[in-house]
Every structure is written in C-alpha cells, then in structure tokens.
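Take this structure first; my questions come after.
Should a chain be cited, it is by its letter among A, B and C, assigned in written order, with residues numbered from 1 in that chain.
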Amino acid sequence: MLGNLQLLIAAPALNVQLLLDGILIGAVFALSAYGLALVWGVMNVKNLAQGDFVIFGGYLAWWLQKTFGIHPIFMMPVVMALLFIFGWIMYVLIIRWVIDRDLFTSLLATFGIAFVLQQLLNLAFGPEIQTANSGMQTRTLFSTVSVAEIKVVSFILCCILAALIVAFMKRSRMGQAIRATAQDPRAARIMGIDTERVYAFTYALNAAICGAAGVLIAMIWVIQPFYGITHSIRSFVIVTAAGLGNLPGVIVSALGLGVIEQFGGFVLGAEFQQVAVVGMLLIVLIWRQHQMRKLRQVVQ
Amino acid sequence: MSRFLKGVDSFETNERKQLPFYIGLVGFGLIAPFLFPNYLFQIAILWIMILFAQTWDTMGGQMGYNSLGNIFFFGAGMYISAIVQVGLVYDVGVYTSAAGAGKASFTPEQYYQGIIYGTLAAAFGSALLAPILGLIMFGLRAAYFAIGTLGIALAAGELFGAWQWVGGGGGIAMPVHPGTADARAEFFYWFSFGAAVITFLALKRLYQTRFGLAINAIRDDEDKAEALGVHTLRHKIVAWSVSAFFLGISGAIFGNMTGFIEPLEVAFPTVTFGIFMVAMPLLGGKGTLWGPVMGAIVFHLVKEVTWTYLLGWQWVALGMIIIITVVFFQQGIMGWMKEKWPEKFGVVIDQTATEARNKGAAE
Amino acid sequence: MTSSVIEVDNVSKAFGGVIANKEISLTVPNGKITGLIGPNGSGKTTLFNSIVGYHPIDDGSIKFEGNEISTMRVQEIARLGLIRTFQQTRIFSKMNCIDNLLISIPHRTATFKDMFRSYDPETLDKAEALLEFVGLYQKRFLIAGELSFGQQRLLEFATALMNEPKVLLLDEPTAGINPTLINGLIDRLKRANTDFGITLFVIEHNMRVIMNLAENIYCLAHGELLAHGTPDEIQNDQRVIDAYLGAH
C-alpha cells in the first residue's frame, strides 16, 4: 500500500489519470443517485434495489448485443423503455403497497426485489463477470494519460441524459405533477393530480434512468449479478452527502465519489473496493450525525 | 396484559398456555435423533436458524432497531472461534497458509477443548464488538441504521477475505470431529439444540425484566423514553451485545458444522442468510417470544422443500416469500393469531365499549 | 422564602429566518403554579423545548435549581427532575396503561444492574394508585393506543407524575378535552401541586383554566415577553388584550 502511495506522489500523470477516470465514471454514479433521490423525495421509498436495476439494464444491453449484434449505445433507448415498463410493474405489484407504511417495510420490500432480481440474473446469465464490447479505442493524451473513448462518450451521454431529465421535470406536465406531489401529496390530489400515476411514473422513470446507467456501466466497467448492492450503497452515499433536492450537490458528490474510489482502489488494492464504498458511507453518515448533533437531532 | 402482574392471564406470561408449544418443540427436539437419524444435520441447522431468528428479534422486534447487517456477528463469531480452536494448537498463520497441503490433525482432547473455548470466545468476542459498532451506529435512525449495518456486514466479508492471516479468500479448514459421521451428526445436533434452548430461555427471562419493558418503550417512542430520563443508549448497547453474544455462538457452531469457513459464502452471507435472519421473525411475528421460533421453522421447512423440488429456483422462491411477508403479512403468524383470537393471546378488549357497541347494533 | 427553580435569562432561539424566542427572561418560583400564555405562534412551545433540552438555544442561559442546563441533553435534564408533557400527547401506544406507568419510574439513580431487575410490588402499587388518581384504574389493562384522546392525556399526566418530577412543564393540558372533564383535570393539577409538591409551569390557551390555576402568569407575543403578573393584573393588561385581539 505504501508503495502505491509513493507511486502517486512520484508520478503526477498517474494522479491525472485517476482523476480523469474517477470523473468519467462518477458521472454514471450521478445518474443512478439522482434516480434514488427522485424516488426518495417523491414517495419516501428508499430503493435498495437501485443498483440491481442498473445491473439489470447492463445485462439487457450485453445480451442484446450478443444476440443481435447491435451496439449497446443504440440499444439504450430500448433498454430504458424495457426498464421503464419493469419499474411500472414493480410499482403496481409491490411498491404501491408499501408507500404509506413505515420505512423499514419499504426498505425490506425493495431489498426483496433486489434479492429476487439478483438470483434471476444469476440463473439467466451465470455468475461470471461480463463486459459489453464498445468497439472503441483507447487514446493517449500528452503521451502519459490514457483515455478510453467509450468513457468520454459515456460522460457526454450522461450530460445529455441529465439535461433531458431536468428539462422534463421543469417543462412537462408530468414533471410538474411529480414536483407538486413531492412537495405535498395531499395538496396535489386536491389539485386533481392522480398521485398513484405520479408514483408509478416516478418509480418507472427511476428504473429507466438506472437502465441507462447500466448500459454505460456494462461498457465502461463490468457487470455481475451480485454487484448491484455495491451500486446501491454508492447511490446512498451520494444522496446522503448531497441531501435531497440538491442536483448540483449530487453531481459534485458523485464525481467526488468516483475520484475517491479510483484513488482508493489504486492505493489499497482492488479487493477493497466494497470496503472503500462502505467506508465512504460510514464517513458520510458519521459526518452528518455530527452535524445533526450540533442541532441536537438524529440523522433522519 | 402486564407481564409484571401475577395471575394475569395472557399467552406470553401464562406458562400453562405455552405448555403445549414447549412440549411440542422440546419433545420434537429430544425424539428427532431417533425418528430421523438421516436428517440430523438438517434439523441441527433448523435449531441454528431458530437461534438466529431470536437474536435478530431482540434488536429489531423488541427494540425497533432494524439491523440489516447482524450477520456480521455471525461471521465474527465464526472466525473468532476458528482462530481460538486452531490457535490453541498451532500457529494460525502457518496453519492457514499450509491449507490444502494435508490436513492438520487434532487429538480428540484438543478438539473438544478447542470447540468449547472457541464458542465461548466467539460469544464474548462478538458481544464486545457490539458496543464498538453501537457507538458509531446508534446515533442514526431507521433507514441509515439499516443501510449502515448492511454496509458493515458487506465490508466485513471483503476484509476477512483479504486478511491473509486467517486464510484470506481461501478461508480456513476447521478441525475435524474425531468420530464417525454419525457421532459427528449427533454431537452437532445436541450442541445446536442445546444452544437454541438456552438462548430461548435466556431471552425469555430477559424480556420479563425492566430491560424488556425499556426496550419496548424505545421501540414505541424513543423521544418519549428519553424525556422520561431512560438511559436509552445504555439499553441499546446492551441489547446489541446480547444479540451479538448468541449470534456469535451460532456462528461458532455453524462454522464447525460446515467444516470449512469461507468469508463470503459461509461467514458473511449478507444478502442471503443476513436477510433470512430478518425475514424469519417477520414471518413468525416480530416482537413476540414465539414468533421468531415459528418463523424460523416455517422458513426452514420451505427452504428444504424448495431445495428438493425447485433446486436452482430455491432462492427466487425464498425471495418471493420475503417480499410477500413484508408487504402483505407484516403481522406475522403470531400477529395473525392475536387478531383472530385476541383473548387467548392476552389482548384485553374494553368490555364497556364492546357492550355499548353491541347494544347499539342490537337496537 | 421561595426561590426560583427555573431561571430563564435572555434566551433567544431562531429557526432559519424565523425568530421564535427573543431575549426572554422569566423565573418559575418553586412550589407554585406558573402560567405561560400568548397567541398562537408567540413562541411558548419553543421556550418549553429550549428548557427541556430538545434543541440548543442561540443565546442566553437557562438554570434549573441554580445549575446551567442549556447545554445538557434531554435525558440528563429529565433525570434532574424536569419533566414535560407534549402538546400532541405522547404515550407508549402499544403498551397497556400499567406498563406505561412502570416504564416512567425515575431513572435518576438507575445503575447498570437495575436494568435487569423486575419491578417491586411497591412500584406496582404506586402505578395503580396513580391510575386511580387520574381515573383510569378500570382501564389499566387496555392498550394505551386504544384509549380516547382525553384518556391518553390523563395517562400522559400520570406517567409524568410517576417520574417523581420536581417541576412539570405542561403544554396545553386541557386542549381537546371535553369541557365537562376540564374541571376534573384542573382539580388534579392543583392536587399534584399541593399534595405532591410539584412545581407546575403551564402553557394554556383556555383563559378560564389558567386564571383559575396559576398564581403567576407570563404572556408572550411575537417571540418576546409582553407582560407578567397575577391573573388579575394580566387580565386587565391592555397590551395582553391587544395581543390576543391582533392589534399588532
């Protein structure tokens, strides 16, 4: 470990590399974190299945490429549509019954979904780690820093998606309905908004966002049926650090997390990836707890 | 019914009413080795599951702190026991790095000594880890507590997997029982049965003291309990230590039963057994004495049946049961029984209100 | 000579941009009943919350029996003998009435070993006696959540008494109670003061109740202390009348 640390200090190019990689992958984290914050803010459901939706999306993209030979990027809309439907079904079958209940119920219900999803993916695709072939090159900048083209493409796509989502939330009727429901469901209902549809749509939208993130993850990283839980925890770290309803905060935290993970992975080693993420979770939680303690409240 | 008033007739305080359950369970436990000699191992696992479910309920059902990572103490206990058992005779580091190059042998004396000390160390070791975790985690409420504990269990699996001294990702081969396969099965059967019974009796006694009432108060309204001056942090830490204590024991026994400790599959199966630990008390009725027991029995039966008939789809079926229980059957078996037969289970109906209602209905 | 058991000195508290309490100073004399009135939003509950440690204060000091308590936590303050009831009546809704009372015994001297004891017969007797005092003896085995609102209020009052407080802060004890039952409640409050020697500090909206009950009343308006005096003085104070009629 110390050796790795020394390497970092000795080679500035390495730092740039890790920073760049961190930012590029952090953008994808931001997507799924935003989805989590959305569901959390609108329905007060803390979706522990978030990461598994991402992996699901990734597997769909990978499988579609294997079967039909189409490049995952072009399949993204398809995957998003499929995940959207899937999310809607999950809402109708399961989530809608747990919205008004205590939060442990909704946590456990989404965890149940995560669990079943993981097992189904495992049965369908096996436990090997997979990557979707993006067919793109790796370029070298300034002859020291290597940049995978696909990562840059992914970053751009994330930005485009983010812009689309923000525009949707601000301009469209459904987007406004969602924001109204998030603020006060009862008032929204009185205004004639069908909150059930809003909830279903929100959950489905989240699934679609996760699907998009999954397609990207499949190309720039790896997918495996049981990797979902780590992605879920990542999203929680980001949302906890940023706070709900703070989009810029989510972006900054996500990019930050991406960078920290890259550096951490380099210094500590890849086997400590989960530890690093959980470590970040605990640090963020303790930091918030400390903040709350000054106000003499507990982290809600 | 107040558990503290004598002669009050309720299920949980009335020993006579519980008697059929005791006889049924203990009786089964005593006869099983003779009726089902070929299934001793599976039934032993059943006892471990019962122990498992009870420990979670102390924190979750009785006190309202729903941890998703209690499996941490299971794995910790398992590893502590292994370290003690191996360490009493050999150098642990040497033992684990020589794994596969021929099994190290233990004399019967060393074996039994090891397993007893190991289990005790697992119990107390886990119980000591609980306050440390508690100080970090107890400032967090509900969702964050659950996710935080989940994270700790996940991280533990990885950490132990990277710790070369205890075998790293390869795990540890446990000392082998010095007897025939039958003798081994019987030994572990009685060991786990005994542990389950002791845990049940200990928790039962504990819930009958002030401690039981205090943790229920924390569950009902922690702010109010604090406003009355209750030492909430003290109680929370003790509850987790008690939970960890028995969970550590179950880990030690299970590790020895399995014969080989693997960090992610055996010691810290966070997403599978970690969640089953929560599902079982929920299924049986959380916050009750017998709920976790019943939930464990039903869950274990379903697990065995689906293994035989569904094989690869077993986990999927279990996952669906978890979802259905959480969403549609939250009150669990005990809760359902209390609703159907309230007087039998100690819920008092307001006589005057009922009479007034009945009178009103009749007119 | 009566001393002041609670001394609030220049206490201020703001939430975000809203100033809930501004430089409030008052004293609660030992052994008596003191009232706190004021129109809605004048900061009465906030002041209570500050006193019992629910949140830190921005400025000023709060002393209980001469000791500074503004930096102490809720449990510590409760263990000193300062107990409050909640505006929205909080009881342990899943336990029966007797258990609600048993958990409310004072925890001042509770040691580690005390955690694992059972309750002595004297404690059980006292619980039953208090339930009798508030008129809930017949319902003592009912689950608290199933009592009517008024009954839950009485139960909460009984749990507060069970804790053997030196001072009891009551937040609108008669709110939402059937008018025919209010006299009974006032009577019990007075007896708690005279028979059990508990100092009472009461927030009230019901003028008839507070004028009957308190010997000494403070009036808040817009987060500041407006007036202070005996019931007669307060009733005739033009500023108080204006505050309630909204002349500000």
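Quick note on the criterion: a residue touches a chain if its C-beta (ideal position, glycine included) is under 8 Å from a C-beta of that chain, and two chains touch if they have at least 3 such contacts.
This structure is a prediction, so every number in the text was calculated from the model and none was measured.
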item: Core chain by centroid distance, with centroids computed from Cα atoms only; value: B
item: Most widely separated chain from chain B, with each centre as the mean of CA atoms; value: C
item: Interchain centroid distance [CA atoms averaged], chain A/chain B, Å; value: 33
item: Mean-CA-position distance for chain C and chain B (Å); value: 42
item: Intercentroid distance (Cα basis), chain C paired with chain A, Å; value: 48
item: Multi-partner residues of chain C (each touching 2 or more other chains); value: 73
item: Chain B-touching residues of chain A, taken from the complex the two chains share; value: 46, 48, 94, 97-98, 101, 103-105, 107-109, 111-113, 115-116, 118-120, 123, 226, 229-230, 233, 236, 240, 269, 271-275, 277-279, 281-282, 285-286, 289, 292-293, 298-300
item: Touching residues on chain B, where the partner in the complex is chain C; value: 1-5, 8, 206, 208-211, 213-214, 216-217, 219-221, 223-232, 234-235, 238, 347-348, 350
item: Interfacial residue positions of chain B with respect to chain A in the complex; value: 66, 68, 136, 139-144, 146-148, 150-152, 154-155, 157-159, 161-162, 169, 271-272, 275, 278, 282, 312-313, 315-316, 319-320, 322-323, 326-328, 330
item: Chain B-touching residues of chain C, taken from the complex the two chains share; value: 52, 73-75, 78-79, 83-84, 86, 90-96, 98-99, 102-104, 106-108, 110, 112, 114-119, 124, 139, 141-143, 146, 159, 163
